[in-house]
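Chain IDs A, B, C, D and E follow the sequence of writing; residue 1 opens each chain.
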Amino acid sequence: MSDNLLEVKNLHTHFFTENGVIPSVNGVSFSVKKGEIIGIVGESGCGKSVTSLSILQLINKPGKIVDGEIRFHDQDLTTFSEKEIRKIRGNKISMIFQEPLTSLNPVFTIGHQISEAIRLHQDVDKKEAKQRSISLLRKVGMANPERQYHAFPHLLSGGMRQRVMIAMALSCNPELLIADEPTTALDVTIQKQILKLMKNLSNELNTSIILITHDLGVIAEMVDRVVVMYGGEIVEENDVFNLFKNPKHPYTKGLLNSTPKIHQLKEKLQSIDGNVPTPDQLPTGCNFQDRCPFAMEKCREQSPNLVTSENGSSVRCWLHQEKEVVNV
Amino acid sequence: MKKYLVKRLLQIIPVLFIISFVVFVLVYMAGDPVALMLPEDASESDREAMRAALGLNDPFYIQYFRFVGDLLQGNFGTSFRYNEAALPLVLERLPATLELAAASMVVATFMAIPLGIYSARKQNSLVDLFITGGSVLGKAMPNFWLGILLILLFAVNTQIFPVSGRGTIIHMILPAITLGTGVAAEMTRLIRSNMLEILNQDYIRTARSKGVSSNILVYKHAFRNSLIPVVTIMGLQISHLVSGALITESVFSWPGIGLLLVQAVNGRDMAVVQAAVFVIALLVIIINLITDLIYRLLDPRINYS
Amino acid sequence: MQGNAQAKTVTTVPTVRKKTKASGGFKRWCRLLWQSKTGTVGFVIVSLVVLIAVFADLLVPHDPAENNLSNMLLPPFWMEGGSTEYLLGTDNLGRDIFSRILVGSRVSLLVGIFSVVLAGVIGLLVGVAAGFYGKWVDTILMRIVDSFLAIPSILFILVVLAVFEPSIMTLIVVIGLTNWVSYARVVRSEVLSVKERDFVRASFSIGTNKATIIRKHIVPNIISSFIVISALSVATTIILEASLSFLGLGIQPPDVSWGAMLTDGRNYLATNWWIATFPGIAITITVLGIIFLGDWLRDVLDPRNYFSKKGGA
Amino acid sequence: GCSNEGETAGGSEDDSNTLVLAQAADIPSIDPQNSLSTTGDRVHRNMFSRLFMWDNELALQEDLVDTYEQIDEETWEFTLKDATFHNGETVTAEDVKFSLERVMTDETLKEYPYFKQLKEVNVKDEKTVEIVTDGPMPTLLNLLAKSGSDVLPKAYFEEVGVEGFQEKPIGSGPYQFVEWIRDDRVTLEPYEDYYGDTPKWEKVEVRAIPESSTRVGELLTGGVDLATDIPPNEWERVESESGVNLVNGETTRVSLLMVRTTEGYVTSDPKVREAIDLAIDQQAIVDSVLQGTGIPIRTRVPEDVFGSNPDLINTRVYDVERAKELLAEAGHPDGIDITFTASRGRYPLDSEVAQLIVSMLGEAGINAELKLLESSAFLDEYNSKSNEELIMIGLADGLLDASYSLVHYTEERAAGQTDYKNEEVEELFNAAGQNLDEEERKEQYQLIQEIVAEERPHIFLYQNAVNYGVSEGISFTPRLDEAIRFDDLTKE
Amino acid sequence: MNQQLENKQRTQSSPLLEVKELSKHFVVSTNLFGKPKESVKAVNGVNLVLEKGETLGIVGESGCGKSTMGNTILRLIEPTEGSILFEGQDVLNMTPTQLQKMRKEVQMIFQDPFSSLNPRMRVFDIIAEPLRTHKAAKGKALHDRVYELLDLVGLDQSQADRFPHQFSGGQRQRIGIARAIALKPKLIVCDEPVSALDVSIQAQILNLLLELKEKLQLTLIFIGHGIPAVKYISDRIAVMYMGEIVEMANKEELFSHTHHPYTQGLISAVPIPDPSLRQFSEDVILEKDLPDQRNLPKGCSFSSRCPFATEKCKVEKPKLEAKEEGHFVACHYPLHV
């Protein structure tokens, strides 16, 4: 198992609110190899962010990891004390968030915020930290980094802010970078710059990346392996090429079909009917049953398991399990 | 920045003008100061003679124009009561009030910040409930009542502090607590709710994801941000402080502007009322301006145009 | 889940359970109230005080204004020399403190509530006008608001009450006329933000006229924060009335208010503590109740909570 | 702030030669001719000196005056002692002339109305001054003992002007001015070259502490040596505490009800006025609310004031049954409705007394609607004469002479207020005002009081008392004029 | 002004909407005397002609002025300059009555379904509001009409008396659409109606719009920055950059013969949901960030980011001209010509 940098096993994260327990993440398992870029797709509210926050133990008050393991270098992060996990955060595992404006503290200069990250984990003095911050800023393609070092976040454009976030995340050469929808708030042209930057950095430093998004296009361009989530569970996992070529889960299929494509001629878009369920209203049985064109009696009664086939892909659907059963 | 300042300063002029007019009308309507200056026995002719001598028999508009004319020369007129120029009288008292207000602001801040932060961090705990309840209580107690109680407890029964008067630092403690408690209560509640909100912000999550410890998180990342609304509130509280000072000063015989003003109003001492209201209003405006500037200093997002 | 079977059509049957009518209903409020401990406490206190104020005349054991020279300065019943006839003792004129507290709730609440109503109405009108119409209307109104804000309200009231004799009516009017400015400010800023919301623009794009927009879109959406500050300022006003009494400008005997009782009794704190302490407790408890209720209202009426708690369906 | 220069109030215990007084109000002005108040007078009479003064037995004594002589009915001549002002200059006849002429002519001065009767002041020589009055004036010497007659240094005053003088006033009394922090304290120090007995205290502070519980608090903690105006509710506290004593003294202030005798008011009927008087139990008021201080009285001229009528002092005519009968006789068997104005916070316990009176009147079938007004609103109403049937007020005597009080019963003064008119009173009063025969004058005044007590344009309640809290070790005897001469106090 | 452009765009009789030299400059700072000092040129001299029944897509990066333009067309924002002709009538010079009438014909669908519905109104009242305002229906008729509209956009009638917060994003957007079509308008301006929605819901709404367009013979202006979606729904597409239209053509034409370097950058930046077409390496990447809108480059506003910019581009502003039939571009050096 040593080639897996990170292994998430059977993760359950629930929110204990006044209106009851919300099972946002419900038994998610996946792993990341060194240098690998994996993507997590799924629509709003399916538990992508909660999964990523769970990895760094950043889940806040009403939320709690109720079950599962998060093994990083074969150590279970869920058993770490606050102090121990702080040594991992920002150092071995870094994170980039979706909203670049609100993710930077508005009252400190960006330089200060990057230096802080450096000084937290490395024994360097202020001057040295500043030097390193400036070189990081240069690395992520900021023009005139010496001057921008003293800039406050609000003076920067969205793209520049996201670069700052990346610089901050890279400040300690992490082994794993979790990027939670890093480009959703940005324009396509800027998105392209940021994605390219991340890809290059990953190649250069052999950093593993977990890229969370709901844009299949971004997934297609960036990642090696894809995890598709729906309603707090993984419904499909596969190599990126296979997934796009041969999606198995009806949700994945529907998603691919309902994405308008720029290079295709006009044909009627298919859509997935119905609404995205929220985690507090999940039905018994398969989560996707209400919207699934192939839903069967069984789907309404029992949840399918995530079944892994020989080639390493897995899918959570009765259709395929039956097929598998038939095949055997 | 400069432009902003100039603009704000220019806005003060119409504001002061409106204030002076309103106050003049009110004091004019308030009645005859002469009645209050002579003893109950004085005869009508005695009072008439005095009114004439003080120019109080002139029609309203003449009195008002005289007032505005004098005002433009920086002259608020003469206090009937003290037979002295009103403005110096007020200014002479200003330091005492400022001192008291500043001290109570300090008391309030020093009480509110740790309490507010602590109860936010321990949200919904017993301590939090206790602090919240205490701050509500602090708000519910009228100033004079608290003041008298403090005197009884800490100056008369256990003679830790002097009873009244203005002098050394120790003299300031009880009045400052009296005046500061209400403000502290308000601020504690505010800081608590601010902190709660800020602790949920994305940038706090970012800082945590960097591996920042929870103390630094609270006292550096969150506190600096939560200070921003606190500063604005401090600016608004100044007017509460002045209101409270009217009463606290009476209780503690603190020779400040509040005491002067209450007596001037009761004595229909028009010039002093005018001067005091003017000075207080100006003070409130200026302090608000300063807090605004601090606010802008604390929050780099705001620009000055 | 009902209705799974028909989920295929575009007309999705809602996954939310039916709670249509209940959303504004009595039951929902009860549940929301019950969920918050402090909210419940606040509600109970405030209801009690209101009931007491309304039925004070029926509840008082003694005429609150009646002097009784043979029963002067009696302590509360549990102390030596006290009698159960005068539960909370008597004051320096032999008047029953318990009865006076019951009746005193009236003035305190009347002044508290009606001055807030007055201030609220003026503040709402001015704030909406300034925020919605902007431009010179805003400039002029806001300069006036600034002027009022620069004078600490008690100071203004002090000067006004020097002119007009203090009575319940004048107190209400004067306090109302000084406090409207803070409403105007809050309302204005709320209007400014609501005005920019898309549904207002949507209504404009339909051709709805301004008055209707204000009535149907702006006001309903600012009213909750308005209610919250109103609740809290009832509390502040009750304390303000007490302070005015201290300055000799509160309600005048034979009318009773808690503030006046507190003020009269303050000189007896060292010797006959009960005269000022019980009205003090009454004020504190009432204010406490109102603040709790206000806080609860803020939580329930805050659209952020409103949405997140209910979820996006 | 100037916190370092202020002296701690608690310091008086350490240096035994400092005297700290606490009064309920600050002095209104440092200018003795523009002050007109007990609080001010307590400072002025120690800083300035006058031609005459009242001694502790309330007998008139020469102060600055060495000898004097009445030349004719309207002319008096005074020679001065050798005295100096605090700046070292000698007190001369010029200074006396200057001071008296100032108060005689400047209408804006509060003391002015009392000095209108002076016609001229002439300097005879450096030490001799002649005063000419406007007609015979039996009360001239009383007037010259009033604070408006304080002698000011002409040369200095003219040099620095009013403002300058108020900043640093100079007199010729035993104590000289150090500083006045308004609404806080006046500080005085002894003037070594004082022409009388050498002043005893090394330092005197007169503090203003309006809140009575705070004032008592200061007294109890030793912050002040003597506190004036201790309200009855605090007596127990003061008395029970060791180290402080309560001292009770009388004042010339008499609380009374002014009654409208004006046509159209129900009180124009003397029977109704009598009924009101009979319905009020002055003794009960004194015993309950006032806790035994104060003297029931039926005249405005208390004992020890020239012209007082002993028959009307410490007496009452309380009789509710008779009051009811009188009302019925006057044609009001079902009682009457009247409006009763009183102040709140102007005099000690005024609102309590007023509320008590309302219930007493109620028992006799007189339904009084109480209108309690805060001090300045009260004065507005009083001075504008807009009150209705009854108004309760406390009136003092600044001259210690009945003429000061009884002028109220002249037609001119009563107009618009009580509208009282009585030819006999009118004649008696005018005659007495010019009468230089003391005995005869006294009788005239006593007669007026009897008539008034019978006709009741005023219904008298009680003679006010004032209570002082005094530190143990300070000997203090209160005076009827409420004055305090620092050197009369002694410390063991 | 631009006669050539006008003629070219005008194919048949009179167009439904004609926008001429439309500009909107937001004043962002004034001097002491209230005179404008700095302004954002959100819309800067835009010309458009829209025929009846067609769908015009507008794409461009965030902040390029798309929404502002949409809002000015409805006169929700008063333009600084220019004129707007709706069915030949000048919208900017309308009397209040005419404007009222015009607003019956032109409707808008907003980007954010969460903020475009009044949270305190029931769905019924939201949809009925335009009908009531224009007194189009009353009583029973109103009732029926609202239910019919609910049906039309695929909502259940039983949901009529709910509040917006009880609906999902997609359902809310349907409510917004129902409100917009209630008065049977001729033109609907859709301001990014799907960008706030979940991926799997977007297609539902796009299909619904297409369906309604057919059924009700609507003319649409569809604003969006999701280029594939715009392409899917539009007939013609205009590309905006910094308040100006830089290229406009029939959609097939635009994608096959891209003339403007910005359009090309934009198209190539759209990630393609097909891993086999990965193309980072060879593509044009617009390197720099957007310029500050307060002080745009003097000449071509794109010159600061354009890989082909010359000195000329920096000084001289290119005009929007037809390079081919119906294909307009504002560039000194258009590609593929």
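Please note the rule applied: a residue touches a chain if its C-beta (ideal position, glycine included) is under 8 Å from a C-beta of that chain, and two chains touch if they have at least 3 such contacts.
Quick caveat, the model's predicted, so the values are computed rather than measured.
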item: Chain whose average C-alpha position is farthest from chain E's own; value: D
item: Which of C-E and B-D has more C-beta pairs touching across its chains; value: B-D
item: Distance from the mean Cα position of chain C to that of chain A, given in whole angstrom; value: 48
item: Whole-Å separation of chain centres (CA-atom averages), chain B against chain D; value: 38
item: Mean-CA-position distance for chain E and chain A (Å); value: 32
item: Shared interface positions of chain B, touching two or more other chains; value: 31, 148, 152, 156, 250, 266, 268
item: Residues of chain E engaged with two or more neighbouring chains; value: 168-169, 171, 204
item: Sequence positions of chain D contacting 2 or more other chains; value: 213, 374-376
item: Of chain C, residues touching chain D in the complex; value: 65-67, 69, 72, 92-93, 162, 165-166, 248-249, 252-254, 266-272
item: Residues of chain B that touch chain D when the two form their complex; value: 31-32, 35-44, 46-47, 49-50, 52-54, 81-85, 89, 92-93, 95-96, 98-99, 148, 151-152, 155-156, 159, 162-169, 171-172, 250-253, 255, 259-260, 263, 266-268
item: Complex interface listing, chain D residues touching chain B; value: 1-4, 6-10, 28-29, 31, 34, 36, 106-108, 110, 112-113, 162-163, 166, 181-185, 207-211, 213-214, 217-218, 220-221, 223, 374-376, 379-380, 382-384, 393-396, 398, 404-405, 407-408, 412-413, 416
item: Interfacial residue positions of chain E with respect to chain A in the complex; value: 61-62, 168-171, 198-204, 206-207, 225-229, 231-232, 255, 265-280, 283, 285-287, 289-290
item: Residue numbers on chain B that touch chain C, as the complex places them; value: 11, 14-16, 18-19, 22-23, 26-27, 29-31, 136-137, 139-145, 148-149, 152, 156, 239-240, 242-243, 246-247, 250, 261-262, 265-266, 268, 273, 277, 280-282, 284-285
